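In what follows, a single structure is set out as structure tokens and then discussed.
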Amino acid sequence: MKSLRTYAILYLIFLYAPIALLPIFAFNDATIIAFPLTGFTTQWFTELPQIPALIDSVKNSLYIAVITAILSTLLGICAARAAAKYSFRFKRPIMGFIMVPLVLPEIIVAVSLLVILLQLGLSLGAWTVIMGHVLICTPFCIAILNSAFQNLDPAMEEAAIDLGETPWSTFRLVTLPLVSPAIISALLISFTISLDEFIIAFFLTGTEPTLPVYLWSQLRFPARIPVVMALGTILVAGSILLLILAEMMRRRGLRRAGLQDKGGFL
Amino acid sequence: MGAPLAILNTENKKGLALISAPLGYVIAMLAVPLAAILLISFWTQDFQTFDTTPTLNNYREAVTDPLYRELLFRSIRIAGLVTLVTVLLAFPIAYFISFHVAPSRKSLWLFLITIPFWTSYLIRVFLWKVILGFNGVLNSGLQTVGIIDEPLTFILYNANAVVITLAHAFAPFAILPIFVALEKIDRSLLEASQDLGESKLSTFFRVTLPLAMPGVVAAVLIVFIPTIGDYVTPRLVGGPDGLMIANMIQVQFLRLNNAPMGATLAVIAMLSVSLIALLFVALNRRYLRGSR
Amino acid sequence: MTALIDLKNVNKYYGDYHALRGINLEIAQGEFFSLLGPSGCGKTTLLRTIAGFEAPSDGTLHIAGADMNGVPANARPTNMVFQSYAIFPHLSVAENVGFGLRKAQMSKQEKMKSVEEALDMVGLKGFRGRAAHALSGGQRQRVALARALILKPKVLLLDEPLSALDKKLREQMQSELRRLQRQVGITFILVTHDQEEALIMSDRVAVMFEGEIAQLADPQTLYKRPVTRKVGDFIGVMNFLPATVKDAAAIDLDVAGLGAVTIAEDQAPSGITPGAAEVGIRPEMMSILFEGEPDRGQITQATIKDRAYYGDMTYYDVDIEDAPKPITISMKNMIGRPVLEVGDTARVSWDARSLVLFSA
């Protein structure tokens, strides 16, 4: 099985090659992205805060990502709770339908939303991007929250009721603490997805671009590439940080529930 | 039979009440817009407004115009190729993690595999352009080392580049479902097969692979469907020969201001994807039976 | 005096499935009561109906004289020990045990004192600070008990509380539970599928099959005088022999292999008619006569067909003339008693008082 392990390692290299190059060229002082490297500089990073359009797009993206994370996690909680606790008519088709945005090509989501928004005469802006992002983030949140709600022994809630709590105080005192790691994990994941999402934002953003849309506009100018690299480095580092946090939360949730770790997200 | 269904009904109601928020959202933000797209595809653009007389003209144009036809077939071809490459590359990894990684380290491997997926898609695609370009990292690197004299040109601004980039982007989507299917396989089945005289290799083909098929089918669908509608990759690394249907949809909507034609192309793309997906599932029906 | 718990004609449907069929049950204050039956017979459903987690489809339930219709689980004077124990994993042992005291009109010190007492009562002194997920199975069970008893309910409901424990620990907990029940004087209703457990622990047992109570009696009556063949078969081991009722008034029988017997009224179901019936007898109620041992009234010739040696006991399957199949007899191994071999002949002694008659 040596060869399989070698293959696995080569595959990891393939997976990480692009992101690994990012910091290398972000700190290289040449304006063209090619080997050999010419010298070390932090110039590209120091330029970043001096681009007002960039700062605005970051602010815009953060705003969108925070609201998207909250809304899609709330919707995810409703769906995961309903799926785990109740049996109702058409449960399978309904749950399947809610997960559809996970596989639908994003361009389809984007243009169909665009058409309806324009038909309704709504102007494009942060909120229209949020509408689209919530749509694609909710299935991810459901996937994460589902296992947490499913792992919750129904006897836990019944025990609390049995000991005199109301359904609401049971939710607050028992259910919420037990699923909170998954909730935090869902918040972080949807935040990350929204922050990175390009197509929907590209179609639905108004005059204020999100960060990926701003980046897209910069890719046409070769002179801007090193700065983009620097920005990319920060973004990737930030994403990885959030992911590690989300993963830690997920594991803590499993430990709390006294369960075996069976795999990652999704 | 007079069995009081009151309890069942309250359970039904509570469940439906909870699910109504996400369901309503998907209906409002997806089903209704998709219906609108379908409707508009039968309309005609009349300068700034729509001519709402229903017509099949857009569809006629879409299937007869060689440009649209070529784009659609190319999209299907590229998506198919991407799916094939991605799943073929992914299977050994899923197999490795499931069968040869200690249980305590499995989630670490899965985590390692999902990390790149969560980092900015745009930047990852752009980096492939940087890697594969004429003066790119790969060519400059190989030239510096002296393996090649002339830059390789077959790796950027064509379909190959699109395939490489998308195979990279969709890797975890392919690995995870296969991994889940492999994890579900009762290990004693494999021992039973060997006990009955099969070699390791024939055990793999007669037991492991058939049992992993539900995961493979899921992986194929989950890669193929979104890939066909990808916009960024063909645009950045595809060159003129690597453009796909999504690029044309974007052009129709945002450049040519011909929403009905864009809608028609979107509908056709969705129909083709659904058709191919259904066909694929039907072909693999025997593997999917009893897998729930 | 009225019963503490009173169920009248309780039915429960899950859709079309009839899970509880006309349950009538009265349980007295201070009783240790068991619901015994095979898996799926509706024991848990009945228990959860009393707790308030399931509403009866029809019929009434009174606890301490109060109609429980519409009273939610959190307002009933019952507490439950769940099969999975349902120990809150995010709380400490003390927080788990004190969970139900949140809204009680007590000072913090009083609450702490009462948690201490409850832990002491279940033998977990000094465990208060322990994290819930760091407990063993037996300890979880004790925490679940303390958590339920601290509220001094009128009824404690236990759903197969011992089934997750290994044999040694289970036996230990059986006697501890019994002791605890006597100590607190609360009515316990225990659900179990283990007939031995039900017999050992209970004052009275209700045997359930398919949503119905088949027999409700104290352990001895249940074992000695099962009312149907099914109950006799479910509890312990019983031999069944075809029989003919010759005289229904005097209860004269002709039993295959055993011959003509007359039994007393308490050994037969009411309303018997002449004709085909069945007779049951327990393996230990027949014995192989060894040298110098007194007989028990009746003697029948037999041949050893099969034998299983258990150390302290030996089980023999013996062929008796006219009996359609072998009869199982259990013998305690004692000084002076040899273990017989297959093929040996033996004299089997039995007492007509040990027979139970079932209608065919």
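A, B and C label the chains in the order they appear, each numbered from 1.
What we mean here is this: a contact is a pair of C-beta atoms (placed from the backbone, for glycine too) under 8 Å apart; a residue touches a chain by one contact, two chains touch by 3 or more.
Values in this document were obtained by computation on a predicted structure and should not be read as measured data.
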- [ ] Return the chain whose centre of C-alpha atoms lies at maximal distance from the corresponding centre of subunit A.
- [x] C
Open item on the list: Just the chain pair, please, that has the highest number of C-beta contacts.
Closed with: A-B
TODO: Let me have the rounded angstrom distance from the C-alpha centre of subunit A over to the C-alpha centre of subunit B, please.
DONE: 18
Task: subunit B and subunit C: spacing of chain centres that average the CA atoms, whole Å - done: 58
Open item on the list: Rounded to a whole Å, what is the gap between the Cα centroids of subunit A and subunit C?
Closed with: 55
TODO: Can you tell me which residues of subunit A touch two or more of the remaining chains?
DONE: none
TODO: Among the residues of subunit C, pick out those that touch two or more other chains and give their numbers.
DONE: none
Task: Interfacial residue positions of subunit A with respect to subunit B in the complex - done: 1, 4-5, 7-8, 11-12, 14-19, 21-22, 25, 32-36, 74-76, 78-79, 81-83, 85-89, 91, 94-95, 97-98, 100-101, 103-109, 111-116, 119, 131-132, 134-135, 138, 142, 189, 192-193, 196-199, 203, 212, 215-216, 219, 225, 228, 232, 235-236, 239-240, 243, 247, 251, 261-266
- [ ] Sort out for me which residues of subunit B touch subunit A in the complex.
- [x] 11-16, 18-19, 21-23, 25-26, 29-30, 32-34, 36-37, 40, 89, 92-93, 95-97, 100, 104, 106-107, 110-116, 118-124, 126-128, 130-131, 135-137, 139-141, 144, 168, 171-172, 176, 179-180, 183, 221-222, 225-232, 236, 246, 249-250, 253-254, 259, 262-263, 266, 269-270, 273
Task: subunit A residues touching subunit C - in the complex, by the definition given at the top - done: 153, 155-156, 158-166, 174, 177-178, 255-258
Task: Contact set on subunit C toward subunit A in their complex - done: 51, 53, 72-75, 78-80, 82-86, 88-90, 99-100, 102-103, 133, 147-148, 151
